[in-house]
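Each of the two complexes below includes chain A, the first together with chain B, the second together with chain C.
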Partner chain A sequence: MNQQPGKLGIREYVSIAILMVGSKATEDTPTVLFINVQNAAWMIPVLSAGIFFIPLLLLLKTISLYQGKNLFFVIQKLLGKYIGFIVCLVIFIITLVGISLDSRLYTNIIRAFYFRTTPILVLYALLMAVCAYGAKKGIQHIGSVAYLLIIYAITGLFFALGLSTQASNVNAILPIWGPGKIEILKKSSQSLSLFTDFFLLTMLIPYLSSSKDFRKGTWIAYIYVSIQISVATLFFICMLDQSLGGVGYPFHTAVRYISLGSYIPNIEILFFIVWIVSAFIRFTAFLYINALMFGHLFKIKDFEFLIPSLAAIYLLIGNIPESQIDVGLKLEHMVQAVVGPLFAAISLILWLSALLKGEFKHEKDKNNM
Partner chain B sequence: MRKKFFKSLNKKFNTEPQFSEQSNAKDIELKKQDINLHYERNIETFKAIFSIPKNVDVKIREFTIRSLKCRAFIIYISTMVDMDQVQKSIVEPLIENEQPTGKIQDIVSFPVAKMTTNIGDITENITRGITALFVDDDDQCYIFETTKIQGRGIEKSNNEVIVKGAKEAFNERLADNIALVRKKIKNENLIVEAHVVTKRSRNDVLIVYEKDLVKDELLQKIKDRLASFETDSILDLSILEQYLEERPRSLFPTILNTERPDRAASFIEEGHIVLLMSNSPNCLVLPATFWALFHSPEDHYLRTPYGNFIRFLRVLALFISLFASSFYIAITNYHVGMIPPDLLMAMAGSRERVPFPSVVEILMMELAFELIREAGLRVPSPIGPTIGIVGALILGQAAVQANIISPIVIIVIALSGLSSFIISDSSMNFAIRMSRFLFIFAAGLLGIYGVAALGIVGLFYLVSLKSFGTSYFAPMTPHFFSGKDLLIRPVPMKAMFRPGYLKPKDMVKQRKG
Partner chain C sequence: MKKTKTICRILLLLVIVFSLTGCWDREELEDRSYVIGLGLDRSPYKGKIKVTMLLANPEVGSMQGGGGSTEKPREIISFDASDFIVAKVTANAIISRLISYDLLKIIVVSEELAKDPNFFHIIYGAVYDKEIRMNAYLAVSEEMASEYFLKNRPKMETRPHKYFQYMIEHGIENGLIPDSTLLRFFKTKESGTDLFLAMNTSAVRKKNPKFKGENEYYAGQVDATGEMDDTQFIGSAVFRNGVMIGKLTGQETSIVNTLDDTTNINDFLLNIPNPFPGKQKSFAARVMKRENNKVKMNLKGPGPKIFITLPLKFEIMSNPSMVDFSKKKNQEIIKKEIARHFKIEHEKMLRKVQREFKGAPFPLSYNARKYFGTIQEYKKFNWNKSYLNADIYVKADVEIVDYGRVTKKAGN
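== the complex of A and B ==
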């Protein structure tokens, strides 16, 4: 019997968004932030969320002109056939590379902290195979799984953070402004890449039950995620203090450090399960969105068949860097430094061109009629 | 494109075999005809159809109707009719009545169900246990519903045991089963529709639903599905279940099979459709979600906190039976640091003399447990208790003493085995027990990472399962309005809606008081 693709409800969408963006708190993001602004790092997520709020708002406003259409459609509509195509292609390639490196980063974490003797290719290939299987099932099912697991992911994270207070020192957040207010603001504007995933999520609009749900869900997830990353960073600062700058993946260091009373000394595996499960969802959603982009770019209707090959491409690109230092410190940062401002700029350009073309006016006229 | 290619390739290699079959075109042609005015011809026809006198329990009785002064005969299958009734209410009045009256209906005291002329129709009815009366010079045949089939009485439910609430279960007699449902739902909108699904054995399936609740498209979908079978016989409801399922090879069931009429009634009240079949002491509930398969009627009969307590136990049991063994393997093989040092020493000490890796140990014991379980089911009941003794003594005690397995493995297996009994639905139970083995292999291969990966793949699979268009985890995800009776059950007063995924005609079960 043929199974019709269903629509994504707001719960599922918010779950996907939170798992996709929120897991940034559990990789090297807190460290990077700490290197930038020391103990004021926890302010950055909230502040840059405030900055990115403007382009995101404009983007959502622009897209809402075209009911039920996704980002690429709007780009091509507003910027014309050729420029639009190039912009879309650039976005696609950037995300492709970004996610490949990101998934490699996750594999590195698995290898470094939990499976030290397993070949990296095995871990990586399994990650990609699972994601390809999930992505092939379609976005509705990704959403459902995300919704089933979100509660465990969030409780797991906060449970770990709560336990980390055993060894933390609140004084570590002083001086409260770190290197100075101006410096914080400057670095916040450079950390926009934290929230660029929301930019990509606008690809999913046609799959949501209503565009109102999409806007509402985006804001819920946006606010929640900025708070989550901020809180997590704060806890890591309190726990690790100055050494946070030298710790690659603070979440994993923290869960190795904490214990459940004196009788169970090591509980990192429990948190590993929660973390890896949300990582699976994260990359599954990314894979699906990427395939969607590719399908839209080259007018492939059954883009779901592309997913296994895209997963293989991820695997190949992710395998290029030799060591994890290459990935974590050089390439990843390069991509991130470009991505944030670029996506913000695209949002602004879209809004401007819509404004100049008078699309907002049309909409108003339509409503008045 | 690729699919097409494989399909054509498949067709080429898997051609249907040709048999030299005997044609029954003559019989079919005969059954299409009407009965004859001539008495003798009719007798000949039916004797031929039922192979009398070779067929010992098909009886033909010839007599003369005194009041009409004409010859007549009745034909019936003696093992399927109520002989007393036939004798007292049909044959005796016909022979003894002397009042001149023109109509058979006025003579016999047994109600005439219908009159028909078609030979095939009459034959079909006779096989079902009715009595057919043929009168000379009459082009109609009179049909009497005299069916009386022997069977078991209504007994206690055996497989879905509960402490509180109704105890009676369905039995093999269709009439009893319908009565059991009807006495719980006293409403004229409860419809019992009959459908013949097979050609040769003419097994009929009853579709039971409430007319003013059920969604018409769903009903039509199920009817179309039932009409689509091209098979000679489906003897049992459990076989019909396999015909009906969208994924018959899937590990997880998508149709609820229950033997409790109270459960069936509660599903009908929510807008589900129930299928009954003669000779089957159970019913099918469509569509079924994970929750329907996971719940037990006891959850609802007990007071809310108690009901939720056993729900909680069941969730725990589900996780333990799925993951206990694989978690043990993952921890002892990959993540030894998790075990507290003292316990680790003790475990290492007990494992010291065991020559096998822990995966082999676990697999051996799991297999042994499944064997004991299966043997306990199949063994004749007088020697049943011995199985327990053999299992506990030999496989537990002796295996440890012989250094084949370590004692801690016994604890793990006993825990996971015990927990698996708590999942009451037998199909779900099998699904959990079998997927447990998959998890064991995954854990042996890649530790917790493998278990997590398999778990996610499994979840993706489960979420994409559909039972007649309903997602497996509805109404949790995708979200629908419902009675909120999922993992935790609210008090009955708060369960205000029927499940939204069924799109029932009447959504609200009770208003806010």
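== the complex of A and C ==
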């Protein structure tokens, strides 16, 4: 593949990041948050963002020492050849499993609400095929599609949320502290996995036009996404109140409820189209990043050729669990419980080792010279 | 070389287009039968329910002008089944098309089944079924639901989905029936603090119903004669914890609807006692609710106090005593009378429901939540128990926006 390694602008990068992380508002995340802290669930995304801010800041700082180099390069550079390799491998495997389960979750949503009789395998294979095709096109294509789509995805989501106020009661968010302030803080620190995708996004640094764009874009997307998930959860709480704990996918339940007056009663399909296309982008980007990791780990230059086989691996892993209950409640929970603290710890370790090695000093000296 | 590549691409596109039909989930309108109304009754067999389906014929009324089919607009079947989900399949023994709940508008439950302690477990299937939308309405009929759908023969609006849509929509706007969507039903049951009102309907007119004051009817009691359908939507059935425990009249329901901020009441007409001398004992007014109510509570102490202020706008629609409303004094009199009337009626209704049904008929407990910091404190307060001892004060903020066309006394 003789593609020119294209560069991403800040707007493409921000679009990818928002589509990747922001779509958490439209799957089962609000339900999981609600089960944890009831009606204070809307605070969790913002608070977790606040907690994850520190590791992310340190990570970005460390990475900025190495202009234009990605996360795996930095890990191997700082932690040495062997330990670095193992850490990278762990990150790769965890994301592989995480994304497999995530894509299975999306397939389940599609099947539950829209294609009820199609076999899971067919839907799943189609989803993966589309994503593999997109990922093979390269990151700049993903970026442009994401940029084209982002405005529809955001307006679609907020339009649906706005319409859901037909049936909502603001008082549902009270008592304001839910199960208590300490409980909220505790659960926030356990929900770091909401934002771990930003950790993975650092793999894309070499593809950005400048590292300043990367840092700026990351913060814009980070702040926006935490607010988006929080606001979406807030609206779902107002609409569904206690039933939110029992409704698996509040976004899809909501779009099936709302209507545009009595003449256009059932409008879920409008939202479904936007949602499914943004899901494609989400997994396409994940697939690309994962292939990038694999390529870096095993020194494969033309890693784009790995994408179809990686997609097949996703498909195989995602097919192991028998039903949605296994995916949503057990396995995903496990992966998420590991992923958040682990990635935060890796960021801290990287920063510490850079500090101990005196890399920051070198940088300063270089600047002074 | 380039040509083959283009052709290959076009072929690939064509293959992708074929997948758009969805293969397994291909749905042909021809091939589907949409259930608009679902009736649930108690069955003579143990552990079963009697399911009634009202199926709409999508062909009727879909064509403008000539060419429409002469088929009947609806089909009704009733049979015993374990639940209404598997009943879809059983129904296919009789109905030629595939049965779908996708466009389900109304679930009618007979009073007998609604009062069954097991009712919630039966209706809970609606949450699990992925076709049923949470904006379907729950209604309670006095007679068997199977009988209800058979007796229900609208003269003008023969297409059932339109009939129910209009009937319910306008009933809610006028405040005579509650906005009883499944979403609200399950939400109220889950929170477990308030009562839920389902609309009351009946297709059997009572023999010699007594005349009562304005809208103080239960469904089936409105004594109307003429050439019409006997179905009536008025009043509501009260549910506590998912089981029916009683009924409210049309007027009580409309009072609840003015108190409830989450419902979609628009404006409605009302008779109010006439404070001026004259033979006519009441005058007509249009009540408009444009703002949310203000609810204040004092939850300290053994008996909580609840203050509800209703900001309502009125339009005087009749003036039987021919009063000159340009005089400030008369305006004051009528305002006072309206405020007094609303206070009495609302408090009477709330006390009755509090005494008889042991709860608030609308999500009043939500307004109490802001007085607590955490869920534990709120749970400890125990709304259900405390509410029984609560004193409720209702105040109407009367604003008269229009005194009618004629302000001066005739002849003056």
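One rule holds for everything that comes next: the second predicted complex is superposed on the first by the 366 of 369 C-alpha atoms of A that agree within 3 Å, B and C clash if a C-alpha of one lies under 4 Å from a C-alpha of the other, contacts with A are read in each partner's own complex, and residues count from 1 in each chain.
The working rule: contacts are C-beta pairs under 8 Å (C-beta built on N, C-alpha and C of every residue); 3 or more make two chains touch, one makes a residue touch a chain.
A quick note: this is a predicted structure, and the numbers were derived from the prediction, not measured.
Visitor: Answer with first, second, both or neither: which of chain B and chain C does A:L240 touch in the superposed model?
Guide: In the superposition, A:L240 contacts chain C only.
Visitor: May I ask you to decide whether A:P341 touches chain B, chain C, both, or neither, giving the answer as first, second, both or neither?
Guide: neither
Visitor: So in the superposed three-chain picture, is A:L126 touching just chain B, just chain C, both, or none of them (first/second/both/neither)?
Guide: In the superposed model, A:L126 contacts both chain B and chain C.
Visitor: A:I264 contacts which: chain B (first), chain C (second), both, neither?
Guide: It touches chain B, and chain C stays clear.
Visitor: Kindly classify A:G134 by the partners it touches after superposition: chain B alone (first), chain C alone (second), both, or neither?
Guide: first
Visitor: Mind working out whether A:T118 is in touch with chain B, chain C, both or neither, as first, second, both or neither?
Guide: both
Visitor: Considering only touches as defined above, state whether A:I110 meets chain B (first), chain C (second), both or neither.
Guide: Only chain B is touched by A:I110; chain C is not.
Visitor: Does the superposition put A:P179 against chain B (first), chain C (second), both, or neither?
Guide: second
Visitor: For chain A, give the residues common to its interface with chain B and its interface with chain C.
Guide: Common interface on chain A, chain B vs chain C: 114-115, 118, 122, 126, 266.
Visitor: Which of the residues in chain C come into contact with chain A in the complex?
Guide: Counting only chain C, the residues touching chain A are 19, 22-25, 102-103, 127, 130-131, 133-135, 165, 169, 181, 183-184, 186-187, 190-192, 261-262, 264, 363, 366-367, 369-370, 372-378.
Visitor: Under the touch definition given earlier, write down the residues of chain A that touch chain B in their complex.
Guide: 1, 3, 6-7, 9, 11-12, 110, 114-115, 118, 122-123, 126-127, 130, 133-134, 137-138, 140-145, 147-149, 263-269, 272-273, 276-277, 280-281
Visitor: In the complex formed with chain C, which residues of chain A make contact?
Guide: It is residues 38-39, 112-119, 122, 126, 166-169, 171-172, 174-180, 239-243, 245-247, 253, 256-257, 259, 262, 266 of chain A that touch chain C.
Visitor: Inside the complex, what are the residues of chain B that reach chain A?
Guide: Residues 246, 330-331, 334-335, 337-338, 340-341, 446-453, 455-457, 459-461, 463-464, 466, 471, 473, 476-479.
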